[in-house]
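Two complexes are shown next, each including chain A; its partner changes from chain B in the first to chain C in the second.
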Partner chain A sequence: MVSDEHGFFIDPQRCIGCRACVGACAECGTHKGRPMIHLDDMDRMDSPQTVPTVCMHCEDPICAQVCPADAIKRTDDGVVHSSQKPRCIGCENCELACPFGVPIVFSGMEQMLKCDLCYDRTSEGLKPMCATVCPSQALLYVPKHQVLGMRRSKPVREFLVGALKVKTRTAVMVPDPDIPLHLDAASLIEGGF
Partner chain B sequence: MSATPKSLAELRDLYGPHLNLAPPGGWDADLEPDKLVKTHCCFCGQQCGIQLKVKDNHVVGFEPWTDFPFNEGKLCPKGVKRYLQGNHPDRLTSALMRTEHGFAEVDWEAAMAHTVNEIERIQAQYGKDAFAMLSGVSLTNEKSYLAGKFARLGLGTKNLDYNGRLCMVSAGVGNKKAFGVDRAANAWVDIVGADVIWVTGANVAECAPITTDYIWRARDQGAKLIVVDPRITPLARTADLVLPLKPGSDCALTNGVLHLLHKWDFIDWKFINAHTTGIEAAIEEVRDCTPEWTSRLTGLPVAAIEKAARMWGEASTSFLLHARGIEHQSKGVENVLGCINMVLATGRIGRPNCGYATITGQGNGQGGREHGHKCDQLPGNRDIENPEHRKYICEVWNCTDEELPHKGLTAQEIMNAIHAGEIKGLLSLCFNPLVSLPDTEFTREALNKLEFYVNLDFFLSETAQHADVVLPAALHEEDEGTTTSTEGRVIRINKAVEPPGDARPDWEILVEIAQRLGKEKWFGHFTSPEAIFNELRVASKGGTADYFGITYQKIEQNMGVFWPCPSLDHPGTPRLFEGGKFFHPDGKAKFIPTSWRPPMEVVDDEFPVWLTTGRVVFQYLSGTQTRRIGFLVEQCPHPYLEIHPRLAAAHGIEEGDAVEITSRRGALVLPARLVKTIRPDTVFIPYHWPGELSANRLTARHLDPLSKIPEFKVSCVRIAKTAKDRFPAELAELQRMAFEARTDQADLPEQVF
Partner chain C sequence: MSFFSSLDLEPRPLLRAALTTALLCGAIALGSRAGRWLDPALLGYLLASVFACFGVAYRYWTWVERPATWMYFRDLLKRLASPRVIILLPKMGLLALDQIFLQRFIGRRSIKRWGAHALIAWGCLLGFSVTFPLVFGWIRFASDGLNQDRYQAWLFGFGTGSFPVHSFAGFLAFHVLDLAALMVITGCVLAFIRRGQDEGDMATQRFDLDILPLLVLLAVSITGILLTVSEKALQGRNFGTLAYLHELTVILMLLSLPFGKLFHIAQRPAQLGVTFYKAAGEAEGRLACKACGSLFIRANQRRDLEALFLKLGLETARHSESVHHLDLCPKCKRRLLAKAQGSRLGGAFDPFSGIPVPVDPITDPQTFRSQP
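Moving on to the complex of A and B:
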């Protein structure tokens, strides 16, 4: 059981694209070299912005809704788990349906695996591996009540995906609009600083 | 004589780089550890705490060490995957000797006997100083100290220098001149409380990733961040002010800022009058450094320069951080002094949340520059030409003044002397100059001229391929000792596993060579790293870098001890200069005027584009270690040319195109990566690769006259689009390796570029 006190916060503005999270995720004893985190360059020509994606742990997980084999379970602590191996048929419905692009059906395994909030660690009071190693703390795992005073960015847990409202356990930190964004050295030189 | 045996392709087949993709036994093996060993990362100067998982004398993974105060479990990708150096197919496990047919594995005795014979032959024939030693600052304090003593008393040569000469040595010289001591002025905790943070020439997010969180914690408390760099680095993306100045113009910027600080009366006269000397000359020097003058030289808008000076001037607390960007220049020392003048002028040093530091690059970049393996230095950061300093060390070492050589050549000067035929023999460890020195082809020519070269390493680096004898050394986790982190914190490196085969720790190898050279009396008592450390403590006593009060036990009890620590009951010194007390005899800091001069090479019609080089987060220095780790190669397999779309368009270059980059030294062909985050008059290449992909084929051997650091950060090139069939074969091989890492398949399905 993972304590309800702690929350997982993704703060993309802090991400430096170092992929320590990806590398550390793969080291988990149950992942056996396979990372469950995605880390994307947005558009390297226009920005050095990178964005990490871990599971948002939806309150009503779409991956579970679309699973024809009822293989994806959400425990009472709000954590959505990898598919149960005996049930998973590797159909990739979850992979296609997840609005955040989290689940991965590994070829050769015929099973969907996903970020499970490092259940083995978090259920014992440790931080998830990615949030432990993240050098810039773009991946943050702290008591929920602390985060508002800690960061200038603000947590959001509700998302509109088309007409669908998705509520999640994991929060995304929305940047403080007063923090500038510098993307083009040419414009800085020409006075647009 | 020391040309490589066999072709480079044959050597690569035998000795790599190959990739290690998985822990010993593979991912499906039982990796439940027998024990966890608390130690530190083997890579950069941050020296993050890490626990290594050990099973059956193999490191099989890591567990974050969340109690270690500097990084609290945080690690960059290099730290996460460092353990894959162990159990690596390329690992050297027996001594190698050059034969007509390539390297042959030989027994230890044969390799040692030949090495000692050759050292004695060369020194008898050409003189003691004709045999040189090159060392590195990824070594522990114990090995750094031993290297200094080994060269001077074991080999009896004055010509010992280290690869810190390519790292932060300009900062060391500048710090000693201004403060009388060479260490980060503060522990990093003072970053968090600063009002303004000025980061210059430091790609913090990629080269010191853990420092990023300190800076962003400060920003969350309202701190302003100013980043000075020709590129918008990941840290700069959201900074309050970004100053993408022209490469090589740093000193003009700091002079311009000091001019405005004086003009706008942001000078802390009370602090200056009480604790410094020389302000008048420094102010006089910048009298004409108006914002317009500064703008012309830096390529920055006047308003941006004024905004920077105002932000810096108005703050009540601040922290200034710099790194290789300003130090790797022919006026690296002056760039550092320019920064220090900004700090001293505002009096913001030596108190809480007020600080200044260079961010050391190499693992023991701090400790390694204190214990005497620089050509002009004795332990305790003493001066090898100072009679009193020599006298003290002669007493500790039980040698005469005649037996202690004087100042020798610096690293690049040693390579120059090898090329000139003045130095005939070389012993090197922890240094891969064929990748890391400027002007690669010159370095290769020099190595080929050596009569005898012995190299200590755990992998056959590109430089080691030129050796006559290679002695297999131990990895970081196969030895113990101490290092000193970028903060000045002395920490413990613990041994996790035994070295494989005939590999053994560098200190054991050096001690054995010294004994075989008949120098038993000076080295015979070095039976463990702790025995070396205990002599280091005494040798450093009374010097500025005083370790006398530091013991292994005290380090472990306190999660590290900050030097100076002059006595056993002393708690250590996390913050220097408290109460305005500096280390010069008068207790004051010195303002030193920094007159503007251009870089050694300036763009012209023939070479119209600035080139700057640097690191990426996935690779470490010359890549000997990281180019062998699958995950890291997958993320960044080969170098590329970063170029602004505007400059690219002017040359008809599109993303992925082959671009020939030519300087006065040489040329290389790399794929273009179009990014708006670099000045349109500047291109960037990461330098971690050898051969046809080496950025240092383009850089020059121009040195700072004081620190003798090469000007890696400022060169001039011309660029031209060329045919993709001109990409070096090595590029395709590296892309194949990255694909292998990604898919565990050895063959590319199709050409990537």
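Moving on to the complex of A and C:
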């Protein structure tokens, strides 16, 4: 079980694109050699900004709801795991339906893998690999009360995907945490990144 | 409160499971010539098999009724009902050989996992292919008339060829289950070794889901092998007790089929349907992400997922009349989260917004001017 006392906090604006998280993630025992963290450019033409994405561990995961094989499970500690190997049939529903674009389906081996909060480490009281090596603390895994004193921003765990409210275990740091973070694709498409 | 709700059973899957079990019972009655070829010594196995059939069928139909599963199941039914099924079936056979029998996709996950799984799977397939027909009275071995040195196989009550007891064919017929048991035992031991070394599995495995099924399979195989050991090496000592013990472990295994990890045997063929669904989607074409324009989602899957979202009550995951969240590729969804944070921070992600970007390419690296 992963301790409920600790939380994962993402602060994309602090990311410096060093890719240490990507290298470290590949060392995790649950997905051996395959990094499950995503590190994307916001827009290479206009900005050097990079964006790290780990699983948000939704309270009612959409990936699990759309899984035809009933292969994606959320444990009592709130961690949404990679698909169960005996069940996953590699249909890609989870990859396409995830509101945050996290799961990766490996079609050759017919399996979805994703960030599982480095369960082999966090269930033993250690930090996830990415948060251990992140030099700018864009990825932070600390006791929940501790983060409040560390930043001016506060964690938000509610997101509006269009008009759909999604609650998560992982938090994003924002100045005004009482308002859900609105993922507004319409503005994205009109204006570009 | 209805009868079904008090039992917490769903009526439609219950009915379908009853029908499936009735079909099996009909096949048993037909194949055993109205029960005449049933072996009374195997009655316990027979009852457990029928119960397992009902349990597996009930869970299977409950599973199929889930909206996400039904999306693919319906597609497969349509394909099987179309005239193109003639082309589809041979392809499906080849695919089944690769995915169900050879299980090459497991090898791509991990070669150690494949080795252990293949031995267990092939051992179980071999064992099931012999024991179920024996239990159902479809196959039976008996002395060839009054000749004790020859055995005859009876298939659905019809006599087929006979073979000498002391021959290779005889040896195979009497020891095929020993071979299956040895394969399963080796596979289980390899699986335990791998599970003891794999940090990821050690963190995520559960006793009831991952360890117990291996222990049950080991128990079945070891007690089965002990029957041969008793007969060959111990002059049949304790054979009766071992036979009861083996029957007990097999019945436990059959009864656990619908509830545990072994249910994936019934689920795995769904992978074949998904492969055909994907192929049909590729033929129809992929749709572009409405943010970045990259082709990413198959047209049929986009359509079906929107319908699925509606069934699951997720229809509000829509940004405008024309833009559903499914219209964004995974990468754009990830960037969207960061953009949302950036907009809360007052445009933190656009540090160069105030710097004019030259329209023409920079041609002079010394002056950084567009035109020297």
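One rule holds in what follows: the second predicted complex is superposed on the first by the 174 of 193 C-alpha atoms of A that agree within 3 Å, B and C clash if a C-alpha of one lies under 4 Å from a C-alpha of the other, contacts with A are read in each partner's own complex, and residues count from 1 in each chain.
Basically, contacts are C-beta pairs under 8 Å (C-beta built on N, C-alpha and C of every residue); 3 or more make two chains touch, one makes a residue touch a chain.
It should be emphasised that the depicted structure is a prediction, and the values quoted were computed from it without experimental measurement.
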### First (chain B), second (chain C), both or neither touched by A:R152
first
### Message
Per the contact definition in the header, classify A:A185: touching chain B only (first), chain C only (second), both, or neither.
### Response
both
### Query
After superposition on the shared chain, which partner residues are touched by A:Q137: those of chain B (first), chain C (second), both, or neither?
first
### Task
Based on the superposed arrangement, let me know which partner A:S3 touches: chain B (first), chain C (second), both, or neither?
neither
### Query
Of the partners chain B and chain C, which touch A:K32 in the superposed model: first, second, both, neither?
both
### Message
Per the contact definition in the header, classify A:Q13: touching chain B only (first), chain C only (second), both, or neither.
### Response
both
### Task
Name the contact category of A:Q49: first (chain B only), second (chain C only), both, or neither.
both
### Query
Is A:G23 touching the first partner chain B, the second partner chain C, both, or neither of them?
first
#### Entry: chain A residues touched - chain C or chain B, whichever exceeds
C
### Task
Considering only the touch criterion stated at the top, classify A:V66 as touching first (chain B), second (chain C), both, or neither.
second
### Task
State which residues of chain A lie in both footprints, the one left by chain B and the one left by chain C.
13, 29, 32, 46-47, 49, 175, 181-186, 188-189, 193
## Note on the structure
Per the touch rule above, chain B residues touching chain A in the complex are 21-22, 27-28, 31, 61-62, 64, 66, 73-77, 79-81, 205-206, 209-210, 212-213, 216, 219-220, 230-244, 299-301, 303-304, 307, 617-618, 631, 635, 644-646, 655, 673-680
### Interfacial residue positions of chain A with respect to chain B in the complex
13-20, 22-24, 26-27, 29, 32-33, 44-50, 127, 129, 132-137, 150-152, 175, 179-186, 188-191, 193
## Note on the structure
Contacts from chain A onto chain C in the complex sit at residues 11-13, 28-32, 38, 40, 42, 46-47, 49, 51, 53, 62, 65-70, 81, 85-87, 89-93, 95-102, 106, 108-111, 116, 119-120, 123-124, 153, 159, 161-164, 172-176, 181-186, 188-189, 193
### Query
In the complex formed with chain A, which residues of chain C make contact?
63, 66, 68-69, 71-72, 99, 105-106, 108-109, 113, 198-200, 202-204, 261, 264, 267-268, 270-271, 274, 277-278, 290-291, 296-297, 301-302, 305, 308-309, 312, 314, 316-320, 323-342, 344-345, 348-352, 357
